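Accompanying notes for the structure given below.
As written, the chain order gives the labels A, B, C and D, with residue 1 at the start of each chain.
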Amino acid sequence: MYRFNSDYLEGAHPNIIDRLVRTNSMQTPGYGLDPISDSAKDKIRAACKAPDAKVYFMVGGTQTNYTVLDSILKRYEGVLAADTGHVAVHEAGAIEYSGHKVITIPEKDGKVSYDRAKALLESFYADGSWQHMVRPGAIYISHPSEYGTLYSKAELALLRSLCDEYGMRLFLDGARLGYALASQGTDLTLGDIAELCDVFYIGGTKVGALFGEAVVFTNPDLGEAFFTEIKQHGALLAKGRMLGIQFDELFTDDLYISIADHAVKLAMRIKNELKAKGYRFYNDSYTNQQFPIISKEKLDSLEGLVALDDWGPFGDIEDKMRLVRITTSWATSEEAVDALLSLL
Amino acid sequence: MYRFNSDYLEGAHPNIIDRLVRTNSMQTPGYGLDPISDSAKDKIRAACKAPDAKVYFMVGGTQTNYTVLDSILKRYEGVLAADTGHVAVHEAGAIEYSGHKVITIPEKDGKVSYDRAKALLESFYADGSWQHMVRPGAIYISHPSEYGTLYSKAELALLRSLCDEYGMRLFLDGARLGYALASQGTDLTLGDIAELCDVFYIGGTKVGALFGEAVVFTNPDLGEAFFTEIKQHGALLAKGRMLGIQFDELFTDDLYISIADHAVKLAMRIKNELKAKGYRFYNDSYTNQQFPIISKEKLDSLEGLVALDDWGPFGDIEDKMRLVRITTSWATSEEAVDALLSLL
Amino acid sequence: MYRFNSDYLEGAHPNIIDRLVRTNSMQTPGYGLDPISDSAKDKIRAACKAPDAKVYFMVGGTQTNYTVLDSILKRYEGVLAADTGHVAVHEAGAIEYSGHKVITIPEKDGKVSYDRAKALLESFYADGSWQHMVRPGAIYISHPSEYGTLYSKAELALLRSLCDEYGMRLFLDGARLGYALASQGTDLTLGDIAELCDVFYIGGTKVGALFGEAVVFTNPDLGEAFFTEIKQHGALLAKGRMLGIQFDELFTDDLYISIADHAVKLAMRIKNELKAKGYRFYNDSYTNQQFPIISKEKLDSLEGLVALDDWGPFGDIEDKMRLVRITTSWATSEEAVDALLSLL
Amino acid sequence: MYRFNSDYLEGAHPNIIDRLVRTNSMQTPGYGLDPISDSAKDKIRAACKAPDAKVYFMVGGTQTNYTVLDSILKRYEGVLAADTGHVAVHEAGAIEYSGHKVITIPEKDGKVSYDRAKALLESFYADGSWQHMVRPGAIYISHPSEYGTLYSKAELALLRSLCDEYGMRLFLDGARLGYALASQGTDLTLGDIAELCDVFYIGGTKVGALFGEAVVFTNPDLGEAFFTEIKQHGALLAKGRMLGIQFDELFTDDLYISIADHAVKLAMRIKNELKAKGYRFYNDSYTNQQFPIISKEKLDSLEGLVALDDWGPFGDIEDKMRLVRITTSWATSEEAVDALLSLL
C-alpha cells in the first residue's frame, strides 16, 4: 500500500540518519549549545542572507507557533490569521492557552488577503469600543498555506506594509517552506522572506527531518530571551544537537531544496496527469499538496491500495464527490506515483 | 577528554539507533497512533503491572512536568514540591506559566519529607485565610531526586496516605527512574510506583533514548483528554513513532534496567574508590549521580582532562572546597572511570 | 440633554443609596462573609426556587464571565458563543486570557440557535482531527442578548438537551436579566433559568445597582472552590457587604422586577410610537434595548439634545441610514421619553 | 463590641457618601471616561508632583497587583517579593495565574532588604543555569508592609538603583499608603515615591473609600495599553465614576492624609499606652497596624467585647502567648480606643 495522506509518514532523509549514526557516541553539551548546532545556524543565516538573525531550533510546529507568538505579542494583543490557518483550527487552542486570541479573517485561496486584513483593521480602529477589544498585534501566515497555495513577493510586501502601518509584526509559519521555495509557482526567495518578515520558521518535520523547526528572528528587537521562553514553554530539547544535526544536513549542498524539489515535481506530475484525465481540482496549487475532487465511488475503490486524505463531501450532492488531499514528500517514489495514477 | 557532567551527553543506545535505521522508510500514521507505539505502551503496562494504565509518550522532562501537572491540578490548585525540586528551580517557570503556584517545602535529603509536608498542610488548613491562598492539589516528587537520593517504599506510602487525607494527587517525576530501579539502595519496584502514585513518568532522555518520557496514568479518573492536552501544550510529536520505537527497545529484554544498572555500578565504583581515598561526600547516593567534595585546586587540575559538574563553593572557607556532581550513564565506559579515578 | 445610549449612566436606585447611607458606619467582616450578604443570598435562592444553589457576588460582567467560564471549563475546553456574544467581542480577550477559546457560531437574532450549535457539534465530532481541536465544554448565552432578544423556554430547553447530549455546561449571562424577566415577550421565569442552566448570573450593574452581579450555581458539581477562584481572578471585593446591600435591596419587594418593568414599558412605548411614525426596526425586541433604523440626517439633528448609541451604517446606501440603539433603564423618566419622541 | 481586626470594616468617609448621594442621578459615560474621574486624576498627578503620570482607577488590591505586574513584566519574567508580601501569600495565586513566578526573599522587618535582594540577583546571574530559570523582572514592595513597617527614602533609593542595575521595574503596593504618608516614622513623600518607582498605587479601600485603588505610572514606557489590560483582566468598572468620585473626595483638602493621620495617631496612642503597661511588641511600627504580644488568657477575656486579629502562637510556650494585630482606621473613634485600652 502506498500512502499519500501526509508528508510526515516516514523517518528522515538518509543523510540525516547517517549523521545521527556517525555522531551517536559523541559527547556534547545539551540544549543546542554544541558545535553542530552552531554550524547549522550559520548555514541557515547564510541561506537567508541574514547574517545577524537569531536562529533557534524547536521540535514541532504547534510548539513553534505558540512559543513564537507568545514571545512577539504583547499581553493584550491577539494574532490575525486566516480562518483556515493552522493556529486557528488544529492546534487544540495552544494560542488561546498562551492567553492570546486568534482573530480570524475569511481565507482567500487559503491565504490572508491584504484587502480583507486591511478592512478588518480599519473597521477595528473605527469602532468606538476598540479599547474593549483584542488589539491585533501580529499577522500569522502559513507559506505554503494549508491549501498548498503561495504568497507572491508582492503579496508579502503588502502584508509587510500593513504591519508597519498598524504597528504589527509579521510571522510566517514555514512548516512546509521547502515545498514553497522549490515551487515553480513562486517568486519569493528565502532572502525575501527573511527581509519581509519579523520572524519565520523553516520546517524540518515535513521536509526530510525526523522532527525540527528552525526559527529565524530577523527583527533585532524580538526574541531577546527566546532561549528562556523555549524552556518556559516546555520546548527545550535536552540533547539539542539532534536538531543541529538535522538542519546541518538539510542545509548542506542545498539538500533542503533538492528534496523538496523532488516532491513538488511528483506533485506536478500527479496534477497534470489527473487534469488530463478530466479530474477537477479545488484550487491551483504548485506545491506538494494537491486537492482533486474525486467521486466517493472511486475513492472507495482505492481502499487498501493507496491512502489519500479525505477532506469530506464536496458540492451539493452530498457523499457523491469528495475533496481529497494528495501529498507527496521527499520520500515519495516514482513507483508510488505510477501506482496512484494507474488507479485513478 | 571524558565527560561526567551530565547523563545526556551522547545520542541513544545502539539498539535504538539500529531500530531507527531499520524502520526509517516505513510509512505510519502520525501522533503516536502507530503499531510500534502501541507495542511500546503494552510493554510498559506489563512492566508496571498496570494493565489498565493510560500511557502517553512525550519529548522532554519540563514539558512532561508542566503538561501533567496542568492536567491533574484544578485551576485554583498549586503543587507541593521540595525547594530543590526541578519544577521549583530549573524549568524557567513553566508551572507558573500554566497558572499554578509551586508551593515549596524545605528539602530533606533532596526529598519531600512526610513530616514537613504534613506540617505545611496542617498549618495551611489551620489558617483562617486559607481560602485566600493557593490550595495544595498535588505533591511532586522526583525519584531519584536532583541529589541522587531515593524514596523508600515506606516513604512513598506515607506520601500516598497524605494525598488521600488531603484530597491531593501524587506525581512522580522519573526523569532518571531507571537509575532508581537499578539501585541497590531501593526497595521500590516499578509496580509499587504504579500502585502508589496517581501518575508518573519513565524517563528516556537520561536513560538511553535520544529523547522521550513515558507518562503513565494509573488513577483512572485522570488523563481523560490527555492527547488533546499534549497538543494544546505544543508537545505532540508529529512522527510519534520515534517515541514508540525508543520505548519499545528500552522495554525489550529489560534493556531499560540493564543499561541503568551499568551506570549505577560505575557510580558505586567511583563512590567507593573516592571514599577509600578519603574524599567526603555531600550525601549518600546510591544512584548514578555522586556528590563528592573536591578541593578547588584539584578541580582546576582536571581541566581539559575530565569534565565534572561544579555546583559551587562548599562550607565556610569559600573557594577552597567545591560541591561536585559526577554523573554516569548507560554510555559511560570503564575506561572513562579508570581515567577519572586515576586523576582524583 | 437626555441620554439613551446605555443603561448604566446613572448611580443606583434610591433604595440602595439609602441603605448604603444607613449602614455606612456598621462594622462587618469583609469578603461577603457578613449577615447582609447572607440575607441577600437567601432572597436570591428563594426567588430562583433553588434552595441549594450556591450564590456569589461579583463586581462586573466581564469579570463574572471569565471567572465563571474558567471555573466550569476543563483546561482543554472552549466555550460556544454567538459571534455577537459579549465574550466573543467586547471583553478584550478575557476568556482567551484565561486560556480558553471562544468558538463562535453565526448568531441568529442575536442568539445561539439550537440548529447551528447542533450542526457545529456534529461536524466537530465527525472530524477525524477533533482531538487536535478545542473541545466545546460549555454554551454561553446572554439573555437578553446583545440585540435585546430573548430565548423562549422551549429554546432554552433545547440548548439544555444539547449540553446533556454533548457533556457540556450551560451558562447564561444575565447582565440585563431583569429586563428579560419583566418583558411581555417572555415565557421564561427565574425558576426556569435556575432549573435549565448549570450556572447563570443576575445582573445588577445595568439594573439598578452601582455595580454587582449575582452568580448562581444550580449544578451542585460546580463552583466547589469558587470563593478562592474569585480571589485568584482578582475579583474579590474587600468590603463585600456593598454587594450584599445592593442585592438585598433589589430582591426586597420585587424591586429588581419592578424597576426593570418600568424600563421595558418605556422601551415599548418608544418602539410603538416610532413604528407608528414609520420607523423601521432592525429586529423585534421586547426588552429595554430598541434598534430603530434612523437616517443620518435625523441623527445629526439630535446632537446636543438626546444621546443615542450609533451602531454604524445600515444597508447599501452608506452613511444615509444608521442602525441605532436606544436604551432605557430603571432611571429613565417619562419626560425624557417624551422629549426623545418629540424629536424623532 | 469594638472591632480592631482590620481597616476595612466600615463603609466610606462621609464626604464620599455625600458625594455619591449628590451625584447619583447624573448621567455620565462609563469606564472612567467622565469629568469627575478626570478631575480626580488631575488632583492625584498634582499630589504626586508628576504632571505626566498615567493614572488609572481599579477596584481592589489583588486585582491591581496582578494586572499591574502582568502589564510591566515580560512573559518570561517573575517578580521579587518578600516572603511575607501580599502577592506571595494571600492572593490565591493570582500572580501565578497570570503566568508569573513570585520569587521570594526572606523578609527583613516585613520588607525587601537591599542586601538580600542584591545577594539573590548576584547569585542568580552567577548560576550557569540562569537561562533555565525565571528572570527577575520587577521588585514588589508594600508600603507600609504587611507588618506595618516603612521603607526610608534611602532604602527606596537603593532598591531603585538595584532595579536600574539589573533592568528591573520597581512597583510599590500602596494599599495602605495613606497610613505611611501620615506616619511620623517616614521621610518618604508621595513625590519621592512617584520619582523612585516605575509604578505604584494609592490605596482607597483601606483608607476611607468603599473600594478603589489609584494606579500611577510614572515611567512613561509602561502602561501604554493599560485601559485594555484592565478590561482583559476583568477589572474595568462599568460605572467608573464611582472610583473618580471617591478619589476626587480623598484628594480634596488633603482628606486622604488627614483621615490617615487620625488613624495613625490612635495607633500611636495604643502603642504607647500598651508599652507603658508592659506589653511587648513584635516590631516597631509607626503606622495604623500594631503587633503586640498578648497572653492567650487575656485574649480570651476580650471575647465579645473587642475584636482583635489573632496571628497565632508566639514564642516557645505554645498557646500561652499570641501575636496579635490591632488595626485602626479613618473610622476608629477615641471611644473605641478608650474601651480597648481599659480592657488590656
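As a convention for this text, a contact is a pair of C-beta atoms (placed from the backbone, for glycine too) under 8 Å apart; a residue touches a chain by one contact, two chains touch by 3 or more.
These numbers were taken from a predicted model, which means no experiment stands behind them.
Could you tell me which chain lies farthest from subunit B when each chain's centre is the average position of its Cα atoms?
Greatest centre separation from subunit B goes to chain C.
Count the C-beta pairs in contact for B-D and for C-D, then report the pair with the higher count.
C-D
With chain centres defined as C-alpha means, what is the inter-centre distance between subunit B and subunit D in Å?
It comes to 42 Å between the two C-alpha centres.
Centroid of subunit C to centroid of subunit D, CA atoms only: how many Å?
34
Which residue numbers or ranges of subunit A touch two or more of the other chains?
76, 91-93, 97, 99, 131-134, 228-229, 231-232, 236
Could you list, by residue number, the parts of subunit D that touch subunit A in their complex?
Touching subunit A from subunit D are residues 70-71, 74-76, 99, 131-135, 225, 227-229, 231-232, 236.
Hey, which residues of subunit D end up touching subunit B in the complex?
Listed in rising order, the residues of subunit D that touch subunit B are 76, 78, 89-93, 96-97, 99-102, 129, 131-134.
Going by the contact rule set out above, which residues of subunit B touch subunit A in the complex?
It is residues 3, 6, 8-12, 14, 17, 20-21, 23-30, 59-67, 91-94, 97, 205-206, 210-211, 228-229, 231-239, 242, 331 of subunit B that touch subunit A.
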